[in-house]
Structure formats: C-alpha cells, structure tokens
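Have a look at these structures, which come just after this line.
Below, subunit A partners subunit B and then partners subunit C, in two separate complexes.
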Partner chain A sequence: METTRKLIRKQSLEKLYAHLSGSRKIYAPVTAANKQVDYKYNPPYAEVASDHIRSTLSVKNIVFPKVENLFLFTNNRTESTITDIELFKIPEVVLWGAHPCDTAAFDVLRSIFCWDTKDEFFSQRVEKLTVIGFACHKSDDYCFCTSTGLSPDSSKGSDILLSRLQNGDYVADIITEKGNAILDSCPGLFEAAPDEKPVITEVKVKFSHEQVTAKLANAFEHPFWIENSLRCIGCGACAYVCPTCACFDIQDETKGKNGKRYRSWDSCGFGLFTLHTSGHNPRQVQSQRWRQRIMHKFSYMPDRNESLGCVGCGRCSSGCPVDMNISEQLEALQNI
Partner chain B sequence: MSENIYKPYLMEIVNIVEETPDVRTFRLKFKNNEEAEKFSFKAGQFGEYSVFGEGESTFCVASSPTRKGYIECTFRKAGRVTNSLANLEIGDTVGFRGPYGNTFPIEEWEGKNLLYIAGGIALPPMRCVIWNTIDLREKYKDITIVYGARTVSDLVYKDELKEWEDRPDIKLITTVDPGGQTPEWRGEIGFVPMVLEKVAPSSDNTVAILCGPPVMIKFTMPVLKKLGFKDKDIYTTLENRMKCGFGKCGRCNVGKVFVCKDGPVFSYEQILELPEEY
Partner chain C sequence: MTNLINRAKELLENGTVKVVIGYEAGPTGLARPAFITDPAKAGKLIYDDRCVQNLAVYLTKAEVKNLGKMAIVSTLPVMRSIMMLISEHQVMGDNIVVLGISTEKELLDIADIGVMKGYIEKCDLRNPEKDRETLAMLNALTPAERFAWWQKEMEKCIKCYACRQACPMCYCIRCTVEVNQPQWIPVQANPHGSTEWHILRAMHLAGRCISCGECGRACPVGIPCHLLTMQLADQVNNYFHVHAGTSDNMTSVLSTYEPNDKESFII
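Moving on, here comes the complex of A and B:
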C-alpha cells in the first residue's frame, strides 16, 4: 500500500484515542509515580505518556504474553482430556504510542514464531493488533536503532505512524490497510498534511550490524566473551525487557485433577536454561551464555531467520543491574 | 482455525517392559483412530512425551516405523517427568507430540554393511533404526551390533538381544564393564571402545552408527578412525535440552544449528563443523 500523509491536530488526537478505545481494547504507555513508564490497558487519555524515551518493558507481551496457556487438561489417569484455548476469542487491541524500535520488533518475533511451523498463538494476536506508532522526538545515549538498520521515524510495524510537529500537532502516515480502515472510520479527525517536517530526534550510528555479523562468524572461541561477561550475574533482566527475545519455557500447573500447560518467558542467561537431567550442561559458564545471547541475535538469526535479533531500543543496557552496555560491546566486537 | 502445535496426542499405555531397575519401555497407542491413521514417522525422529501435571520430556521414538499401530519409548527415571512416567500403569494416558527432527538416511545406506555401536541407555535412540534396517534386511549387507552397559542388569531390551543373537543374519556383540558381569555372563567383558578394537569390523563399504555417553564417544572415535572409517560414514544422534521441538523455544541450538530441526541425526563430518556446545 502507498503511504498517505495526513495532519491530526493535538486536540483531535484525544478524539482519535476515544474513538479507538470505544470499540476495542487500547494498550498505551502511562507514567507511574516513580517516573517509570509502563503500558496499561485502557488508561484515561490524560494519563497517557507521550514524552517518554522508553518504557521499562517492551510491548512484546501484547503478542507474546509473559505467561500464556497452551491448553487446559484434566488428568484422570485412564481418561485424561485436553481442552483447547479458544484463540478466536483473542480481542482486537490497539497499541498506542509505541516507538519504532518496539513496532519493528513484531517482524523480528514473527521471524522466530513463524520461520518454519506457524505458531497460531502469536499469529492470532498479531492479526488482532492495530499499531499506532509514535516517531521519537527524544532519545538518549542508550538508543542505537540506527545501528540496527532502523530509525527514530521508521514506520516498520506501524499501521499508522504519528510524528510530532513543532506546535504539538502530528502528521499521520497511513501505512497499512488496517491504518486506512481507521482513517476511513473517522475521516473528520484528519486534515490535509502540511509541508512542514516533524521533529525527529537524532540517533548516532554506533556500529555497523553487517560488520558485527561478519565478525561473529569466526568469533566463537574469542577471549572477548570471557572478558566482557565477567560481571554478568545471569539475572536474565536483559531478556525480559527485550522486545525481540522470544525464548520460552513450557511448564504444567495443576489444581487437583485440573491443570494447564503454559509457556512463559525464559532467558538464555540462566544456567538452568540448557541443563540436562544428567547434570551435563552445554553452556556451563556465564561467558558461554553471554556469547549465545549476542551470537543468537547478530549471527544465528540473520542466518536462520533472515532477521536481526535486535532493534536497538537500549533496554538491556539501561536495565542491566551491572551496567553491561550492549552497544558498547557491539562497537568493540566489530573491531576484534 | 489452524492447529495448536503444542497440543499433544492422547496415548494409552498398552504395555510396559521393565528393562532394568530404572529403565522402562512403554508401548503407546493413539486414543483417537483418525490421529493414528494420519500419523507417520521415520527412524531417528523424536517426540515430546508428557504426564499431564508434570510436564514434557524429550526422547526418540524407539520402535521402528515398519511396526505399525503403535510407538514405543524407552526412558530412564532421571528427572521429574521420567519419574512420573515410571509411576504410570497400563491403561493410563500420556501425551505425545511429534514426530520432530530429521532421520537416519537409511535409503543412502542400502547395499552397505551397517555397524551399530551403543552404550547403556543409548541403545533406545538407535533401536528404531536397527529394527527398521533389520525389517528391510535384504537391502543391507552385514549388520553388526556392538552394545555395552555397565552391568548385565543395565543391558536394555534383553529379549531382543537374545533374538538378534539367535539370528544368523545379524552379528551381535554384547559387553559389560569389568566387574559388571554375572557368573552366567557369556558375552564380552570390557569397555565398548576396547571390544570394538578387538572385534575390528571392516570399514570397507560400511556405515557406523554410534550412540552413547560422551566418554564412550570420545574413546570410540579414535578406534573407528583406526579401522579406516571416514567422518562422513559415521552417524550419531545428539541430545540437548528442548521444550518446543520445532526451533522456537531457543535452547537446543548448537551454534546456529537446531538439534530439533537440523538434527537429532548428524554425521560425524557435520559434528566436526559444530562449536562444542552439546
């Protein structure tokens, strides 16, 4: 679809929000008392954040929930039964206010969940999702989207991308048919776009991801991994805040004879992640796990999933309790 | 609506064999006939077996695809799921998802000698391909099986070992570790690599299929090389911890290779290309 640009005035934006939340669930960022920004369902418009750089968690849980039931069961030994999850009941959701790094991450997740066997849990959620992305007018030193092939105004993953003008109005780029459907449902809120350029932050390019990928092909045994992971405490925070980390665990939970099998977020940073029952562990030490994390995103995924496993949101670095900065490490890696 | 790829088939346990004090073989039948008819697999593939409420565990299908109407799995009581499985009885229900992974290239092996080498609990992942090739006996030349365990009581599939031993078209060599023998033991005494060296099967027009604990593989490889086997003619099946079985959950990979998708069967030539992460 050809992109069309419209103008939406500041006061119309609230009307658009009200219009969208009238018919669907809306998932939008809210600033908490501690200044952290987190996404919530159906917050009042007055509470919706629009000046934040990044939310604490990414928005991936909207398509890949932290914990998701795969099916329910009753275990009567000889007469056990399974009840399917009714995926058609997944509600229509509008994601509002996500930045381009987070919206671009949906394609990365698709490259994992649908690269071979199609995962319907993921696919159905994506199908029911409409994304109103907001281009970034602010950034900080943790941001490195431009080093991963994206930009602060990338429309990847958005159905409509809003970019702020100097006076607080927005230009709205209508990217997809879903976006077009919104435009058609409330044409009165949109006007002809002015010629003016929106305010977009500048994010410095820190490294070439192509060069990192090329270097990693022969870096498995490099001392880099030990030197650069000595302080890693294996807490897994980087994976939990990451918009593209998709590794998961599968577990059962029961109450009496009834139970559910669910999947939940997991992290390659945990020692238990690869531990065999025999006690053998292919990734025994933290440096091997750190290597897996970087290799997976910047070497294995480009090769196997035809996508880069990173969108440069900077959360893994800003959220790391021991200040391991991934963009600094990637910068160093391209020169090893 | 498409299928739920995480939903297992419901299977009934129709037979249980106590192989050793801590190893069981289950024969499983599909509870749903339609599913049974649609189901097919090939030698080398694996599945996720589950006890509802305890979770899933990964093992190869241990029966041959030439034996229709059921699948079998052999497991050792080791963790939460396998201990729960071991507590089940005939008539109980388990879950099974699969088959997943690649297969032994048995069509490529036609017209060749086959040398199977297994240690301990590693005979089960090889039993499927052994029976598959025995059931297509005329397609292969000599079939030799070298199987060792720590003690006589640790040998699995004792009835089948007897059957293979009695067949004139199969050469079976069984061995137990020194000290693991009983007064009645008539097989070899010694570790698998040493017994293999003593038996010294020819590498001429022969494929070796090797499966066992890492220490056995480590000492068997030099023997195979000495006998003249080429890396491309040696096959094994790898294990790594898995959850999904289809390349999404992110834990079985060895470098960029998914054991669940690209394996579990690898030639030694392929193994040498992998980083040491298995």
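Moving on, here comes the complex of A and C:
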C-alpha cells in the first residue's frame, strides 16, 4: 500500500500507547537502574524509553523467544502421547519503539525460518505482531546500518514508523495494512502532517557490503581470520544479542513421565556447536568459528537467502567483552 | 609504559618469547588484548586504567599456544591466575615470561615463579572494595530476600556463557553443561536453568576463584555473577585460611582433606 504521513503530537502518543494496550500486549523498551535498556511487556508509559541508542538485547525474542516449547509429551512405557502447542493462543502483540535496524531484522529472520519449510512458531508470532518503529535521532560509533543497505529512518519491518520532530511531536508514516488498522481505530489521535523534516541522526557509511561479499568469496583460507580472532574468547554474547542470529538447540526435558521438547538460542561461536557424534569437529578452533560468523552473514546468506544477515545495529560489538568490533573487521575485509 | 614496550621488544628480538600478550587501544578507544609477535609492533602496547581484562584466559587457548613461548602483561589477578593454572597443570611456569605490572602501573622485575610468589604474598588478596560492599549488603539480607535478589538477576541470563569463557579457570574443553547424558542442569535459560548454572559455576570455582571479577565484567546483560564466586572465595578463606593463586602448588581445598579442617559447615 502507499505510505501516508500523519502528525501525532507528543501528548497523543501517550494516548495511542494507552489505546493499544487496551486491546493487546505491548512490548516496549525500559531503562533499568544500571542504565541498560531492556524490552518488557506492558510497562507503564512513563517508564518507556525513547532516547536510547540500542537496547541490550535485540527484539528478536518477540518472534524467536530464547526458549520456545515445541510440544509436550507423556511417556507411559507402553504408550506415549504428544500434545501440540496451541499456536492460536499466541497473543496479539504491539512492538513499540524498536529502531529501524531491529525492525528490518524480522525480514532477515523470515528468510531463515521460512526458507523452505515455513516455521509455524515464528510465522504465527510474526502474524500476531504489529510494529511501531521509531526512527533514530541518536547514534554512536557502533552503529553501521547505512553500511548494510538500511538507514536510521528506514521503514522496513515497521507497520507505523514514527520520526521525532524538533518540538517533540512525531510524524507517523503508515506503512502497512496493520498500521492503517491502527490509524482507523483512533483517527482522532492523528492530524495532518506538517511539511517539516524530522530529526534523523547521521550514520557514516563504513564499508560497502557488496564489496565485502565479493571479497569473502575467495577469503576462506586468508590469514585474516586467525590474526583477527586471537582475542575472541568463544562466548555466545554476540550471537545472543544479535537481532538476526537464528541458530537454536533442541532439547528434551522430562520430569517423571511428563516432558517437553523445546528449542533455545545457540551460537556458532561455541566449540561444541559443530561437534559430530563421531568425535570429529570441523570447526576446531576459534578462528574457524569467527570466520563462520562473518561468512554466514555476509557471504552465505546473500548467496542462499538473498538477504544480508546483518542490519548494522552494532550490538555484537558493544556487547563483546573483548572488543571484537565487527564493522572494523568488515572495513578491513573489504580491502584484503 | 616505555619500560614495558622496551622489555617486550627485547624479549621478542632476542627470541626469548614468540608472542607478547598485552593490551592495545582499539579504534573506539577501548583497550583490547593484543598479541604481539613482531618486535617492531611492540610500541602498540599500552597499560592504563582501561586495561581491565584478565589476560590469563589466553594462556590455555589453542591458537595462542600455537604461536610459541609467551610473555604476558600481568597485573595481580593475572599472576594469581597463572599460579592456579600451574597448580592445576594447565601451563608450565617455565614456558611463561611474566611482565608484572604493579598497582602503581610500574613494570615489575619478575624473574621467575618464586619472585612472583613473593610479590603476590605482599599484596592485598581480598575481594575488591566495591564488591566487598555489595557482598556485605547481600549478606545482611535474609536468605529469602537474597534468593529473590538473585532470581531477579537470573531472569536476565541468556546462557551465552560469557562468564565461563572469560574466566581463566574455566578451561575445560567440555563443560558440564555440554554433557547431556545425563543432563545435569536444564539447558534452557529460564530462572531455574540459569540459577542452576550459576550455582554450578560458582561451586566449581570455590577455592579456585582469584577474585578478578572478569565473569561479571564480561556479562552482556549485566548480571553481577562475580559476586557468587567472590562470596565463595571469602568463605574458603574463612574456613581454610587459603587465598587462591598464591603459590604454584595449590591444593584444591574442596577435594583435599586435612585433619584440622573445620567441619562446622556439615550439619
């Protein structure tokens, strides 16, 4: 549909929040005592953060929870029963305040979860999700969305994108039918848009992702990987804070006769991630795992999923305990 | 700093070591680990307040060991980690050159493990002051209040295992949490699974934790998990009068019986 632009005043924004929370759950960012920003369900509007650069974790939890039950089972020796998860019970959720990098990540996740077989859990959660994105008026050195084909005011993945004006009001771009439905449900909160340009931060382009992808095609054996990953300690922080990392582990957990099968986040940075039952491990050392991380996002995914596996949010770098700065490495890779 | 750079350069030039593990400044201004193999690049080394990571974690890392004999920039926590790693037969003292750094940021002359032992003995081995204060606050709570405080923290855990990976003492190739026959603790990062993980980690480090605080620093979601191991470090010291990492021949307090051990904790 064609995008329409409206104005929503500062005081109307709170009313919109109240209006939406009347009919569904709202997932919104809140600043914790330690200054970290975390997304919570249904926080009071007064606590909702709007000035942060990035939340600690991405918002992928909303469509790809850190733990998702796949089915329940009982095992009675002679007879076993399996109970499916009632997907229709997944509630309607409004994601409020996500930045364009995070909202664009839903498409990347879709390219993985619905690559061939459609993942029902993911799809159902996406279907029940309405996204009110907030364009960025602030950024820092870790941001590199403009190097991944996005921008601080990209509407990709948003149903409504709000961009702040100088006086604190917002322009609202109504992007999708879901966004339109919200507009129709409370037309009194929206006004005709002014001609004024919103305040949008500037994010410097650090590298050309096309060039990186081209270079990676022949870089598998390059000494770059060992030199630049000696300090990587092999934790999963980068993958777990990443909005597009989608690897998961599947486990059964039982208590007596009852049990459940669930999936939970996993990371290719872990030493045992690729360990075969034979004992062979094709990625024995950290440099091979670090290479896999970059290759997957910037070479294999553009090739197979027709989607870059990175949205330039910078979380993997800001959250890394040993300063493995990914944009710095990609800048270097485009020139190897 | 000049002394450190000169010493690193000299060690690389005369072939005493193949790599110097230290700190350099990254492009965002943060200090990060550096692995200097070329004497001409020794000038990149820095040492200032930004250099907080416990570098001893790299002493057991395969690709770093592959570089050859190492020199390592060592503050007190790194020195204590080295003592533990030697005691636990993970590294050979003769294979490491310690570039000791005093609390005044001066290069120390640590000729061998004996000299390092002497230096460590003269240092304040208690937990850092800030952490002692938080622990005192937590210890003043009732067990129920304390459990509630930790449950709130555990809710944040995503099981990325940054706490484990950042710890020089967590060098197991296959951690207990990666064993699934039997499954010792739940894999999922729910409050139950995460609490069990952090208790297990703390217990495995009792008597081995040298109070560097690296696990808490590494946590991307800000769980102060270092307080768990530091609390146990305190208790071990109370019961057994031992500070971890004070000699290259430490016995593991929790797996060693001494006839005069207090047994007051056994109910």
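The criterion applied here is as follows: the second predicted complex is superposed on the first by the 336 of 336 C-alpha atoms of A that agree within 3 Å, B and C clash if a C-alpha of one lies under 4 Å from a C-alpha of the other, contacts with A are read in each partner's own complex, and residues count from 1 in each chain.
Heads up, the rule we're going with is that a contact is a pair of C-beta atoms (placed from the backbone, for glycine too) under 8 Å apart; a residue touches a chain by one contact, two chains touch by 3 or more.
Everything numeric here is computed off the predicted structure, so don't read it as measured data.
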| item | value |
| --- | --- |
| Contacts of A:296 with subunit B and subunit C, given as first, second, both or neither | first |
| Which superposed partner A:276 touches (first subunit B, second subunit C, both, neither) | first |
| Touching partner for A:73 - first (subunit B), second (subunit C), both, neither | first |
| Contacts of A:175 with subunit B and subunit C, given as first, second, both or neither | neither |
| Subunit B versus subunit C as contact partner of A:322, first or second or both or neither | second |
| Comparison of subunit B and subunit C by subunit A residues contacted | B |
| Partner chain in contact with A:236 - subunit B first, subunit C second, else both or neither | second |
| Which of subunit B and subunit C A:251 touches, first, second, both or neither | both |
| Subunit B versus subunit C as contact partner of A:84, first or second or both or neither | first |
| First (subunit B), second (subunit C), both or neither touched by A:118 | first |
| Doubly contacted residues of subunit A, that is, touched by subunit B and again by subunit C | 249, 251 |
| Interfacial residue positions of subunit A with respect to subunit B in the complex | 70-71, 73-75, 77-82, 84-85, 87-88, 112-113, 115-121, 220-221, 246-252, 254, 259, 261, 263, 266, 268, 273-278, 280, 282-283, 288, 292, 295-296, 299-300, 303-304 |
| Interface residues, subunit B side, partner subunit A - complex | 1-8, 10, 12, 50-56, 78-79, 82, 88-89, 91-93, 95, 214, 239-241, 243-244, 246-251, 253-256, 258, 261, 275, 277-278 |
| List of subunit C residues in touch with subunit A within their complex | 26-28, 30-35, 53, 57-58, 61-64, 156, 158-162, 164-166, 173-174, 178, 180, 183, 186-190, 217-218, 220-222 |
| Touching residues (chain side subunit A, partner subunit C) in the complex | 32, 34, 36, 38, 56-57, 66-67, 141-142, 226, 229-231, 233-237, 239-241, 249, 251, 253, 262, 264-265, 267, 270-272, 284-287, 319-323, 325, 328 |
